[in-house]
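Input: one structure, supplied below.
Chain lettering (A, B, C and D) follows the sequence in which the chains are written, and residue indices restart at 1 in each chain.
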Amino acid sequence: MYKKLKQKTLEANLKLREYGLAPFTWGNASQLDRGRRYMAIKPSGVDYSALTANDVCVIDLEDGSAVDGKLNPSTDAPTHMELYRRFTNVFGIVHTHSAYATAFAQARRPIPCYGTTHADYFYGEIPCARMLDAGEAGDEYEVNTGRVIAEALLELGLDPLAVPGALISGHGPFAWGGSAAEAAANAAYLEETARLAYLTCGLFPAGAEPAPLPKAIQDRHYFRKHGAGAYYGQAR
Amino acid sequence: MYKKLKQKTLEANLKLREYGLAPFTWGNASQLDRGRRYMAIKPSGVDYSALTANDVCVIDLEDGSAVDGKLNPSTDAPTHMELYRRFTNVFGIVHTHSAYATAFAQARRPIPCYGTTHADYFYGEIPCARMLDAGEAGDEYEVNTGRVIAEALLELGLDPLAVPGALISGHGPFAWGGSAAEAAANAAYLEETARLAYLTCGLFPAGAEPAPLPKAIQDRHYFRKHGAGAYYGQAR
Amino acid sequence: MYKKLKQKTLEANLKLREYGLAPFTWGNASQLDRGRRYMAIKPSGVDYSALTANDVCVIDLEDGSAVDGKLNPSTDAPTHMELYRRFTNVFGIVHTHSAYATAFAQARRPIPCYGTTHADYFYGEIPCARMLDAGEAGDEYEVNTGRVIAEALLELGLDPLAVPGALISGHGPFAWGGSAAEAAANAAYLEETARLAYLTCGLFPAGAEPAPLPKAIQDRHYFRKHGAGAYYGQAR
Amino acid sequence: MYKKLKQKTLEANLKLREYGLAPFTWGNASQLDRGRRYMAIKPSGVDYSALTANDVCVIDLEDGSAVDGKLNPSTDAPTHMELYRRFTNVFGIVHTHSAYATAFAQARRPIPCYGTTHADYFYGEIPCARMLDAGEAGDEYEVNTGRVIAEALLELGLDPLAVPGALISGHGPFAWGGSAAEAAANAAYLEETARLAYLTCGLFPAGAEPAPLPKAIQDRHYFRKHGAGAYYGQAR
């Protein structure tokens, strides 16, 4: 019944490992069905090498009840659910602990757009959601994590697909897209973007900061790949 | 007779190599038997690629005498023995020269908790044992190394399993756990934690320091994975 | 007809991936025919693992019209064309997003010659082309990119083959040579040179800068490998 | 006739590649015969993947004449020869462009002993030979390189085997030992030592410097592995 949904979810989870974004069991990918009713997600704490489509958990997006699968879903499932509720054109979400994105998250900083590699995939800076306070770190911790990410993103006044990722202060990155596979690819672009930004900052050792890429060039690169005037790739 | 003990010890030693924590012959893992009488440990200076269960040395924990095996045990054996005597719920110990943990050790600094990856496995900062003085670097060097690690850990007033690793000033990390396999996994988490902390510090180039993760979030993450209220993974 | 040209182009593109210079689809290599009339180049957005010689696009260098191949050429094709027009002894060009070279490009800095590894392949510093202004980032964006690279290079008053690479501010590196294969090798030397320069700068944390290699030693190394007096390798 | 000598030389050259110390063709290893008359060395500019024992060049140590082999020897051969003449208990030498050692060389700095990993293999700091002047970079360039390395080492008043490596300002490392295989291993220890020192320095961003390892602990570690009182490994 949920076979295709679970298979897609499995493949995106394995991509995280293949891209080197999720050491040990530190990452998870989810896929929403077309009707936005069922969310399929990695089970909690299961090693990628042992993961099968059958292990994937299916959850009702509205009430969070288990629909299919015998294992406990990822403890981050409520974060994914909250994001699906807020980002209504998103159908795939991933969370990783990839190193450079996590370094920016631990430093509690957004990733400024320093170059065209960034501009090719993210329209403007990659936001960093604010730190939760002690109350927010209580029972509703995972839902609150989703809330502050959505808040940080929606503050930009942009379509979530134009900035398909964000950092959580003191934690690490989330990325999303039109499918779990797209979300996994965006997580990989986010990590490479973070690495390039990190290396760039390293050339300014006296506390000076690199200048962001001029807006005209950010626009040129983003719109080479996205929107009606795109001219990158074969689909035109 | 000690077959199972030696096999477990072999497997943990090979894990060090697989995790990339022990370049060349720079690392060793030991396993204690359930009765806390016999310690099995890697022989000294033997390459991981040539290591067999038969090469593993078994030592009497009380008097340090050789019980089984024809090779010389790791020169660090007295450090392991001292730690087993002090940490009475620990059954596995590893020592590595993994790069980022060693950098903090050479800088003689503890690893502050900057993020949830750290908080998931270590409850609070990872301590750095003080430098030995010239006298302590004499005949009792290896035993003294164990003493200062135990001292640094027990000063925190915590169960050693809540902070399953520490650094030795000017040397490198030790990690431990309920078995040699757990100790090897904790050494890998320690290294990744050290790498993330290192990268985070690198974003503060003018001498400023990153802020530690708020206590409420450290607690939330640690207790998601440990203790009676844990809700991570499948065993609940 | 263009079989050999397309095969050489394919091989150079695959070298980019093999050298680790072009993550995802972020890179392209082109090869000019001996008569300087036809340019063969990677199609846009095609994954290296799926790329065949048949996919390679052949373009008329003069008017930019498609001569052979069904796919859209790389969006960077006009940059390659502009460089072939200006560098009349160059027959191969590559563009990558290799990390350390991109870090210098994002910092908008040339790569000074700090050591003999650099001097062996690049005669003097590797220039960084200036940032394009908003007008230049318009319809002629890719051609203008070629123009500022050529401008930065020709300002040095040198044969382009003596400094076979340059950075584009806010973007990444281009490299070139007597063939696409040579260009790909030069891109790899440029990346390793950038990495060594980056690491060297990292040892001067208080804002001080490393001293460049003395001119006499730069000359000695460059002319060990290039020109009439070369005595490196087997061809003498 | 020189079969064994050439085979040993081949194997040490392949080790440089296996250890990741010599990207492209950037490295060479040599082996001296027991009588200190013949030096076998890698041919110049030959790729490691194509190298066979038959390609290895044999040179008369006294007059530098070719004794066996049809290819041109490494351009660094005169440096090796000069070092063999000065270091009379050394039988193997290697030169690499390994990244962290080269970064220290480009920064023109010795590698201080910050930890026990260093002390296990190098007795005190790893020296950096002074920069050659314009005259020394002339016809006798390669011999002069050997001269300044020997000078830097012998100034320490130590047996070359106690500090089996050094850096050349603006260039990269040389390492040596009782055989080409030992020299290759020492080059690998030198690179890992350089990497650990580099990472340690990175934790002192405001220009402060890490403290060296106390002499008593340096001695303890060095003499655990070397000399009459050594107790590391199986040979005791």
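What to note about this one:
Here, contacts are C-beta pairs under 8 Å (C-beta built on N, C-alpha and C of every residue); 3 or more make two chains touch, one makes a residue touch a chain.
Just so it is clear, the structure is predicted and the values come from calculations on it, not from any experiment.
Looking at the partners of subunit A and subunit B together, they share no chain. Counting only chains that touch, the fewest steps needed to get from subunit B to subunit C is 2.
Fitting subunit A to subunit C on Cα positions gives a rotation angle of 90°, stated in steps of 5. Subunit C and subunit D have Cα centroids separated by 33 Å.
Computed from the mean C-alpha positions, the centre of subunit A lies at a distance of 46 Å from the centre of subunit D. Shared contact sites, meaning residues of subunit C that touch two or more other chains, fall at 202, 204-206.
Taken pairwise by the contact criterion, the protein chains form one closed cycle in which every chain touches exactly two others.
Pairwise, the chains that touch each other are A-B, A-C, B-D, C-D.
Residue ranges of subunit A in contact with subunit B, taken from their complex: 23-24, 26, 43-46, 71-72, 75, 97, 99-100, 102-109, 131-134, 137-138, 141, 170-172, 198, 201-202, 204-207.
Remark: subunit B residues 114-117, 188-189, 192, 195-197, 199-200, 202-206, 210-211, 213-217, 219-220, 224, 231-234, 236 touch subunit A in the complex.
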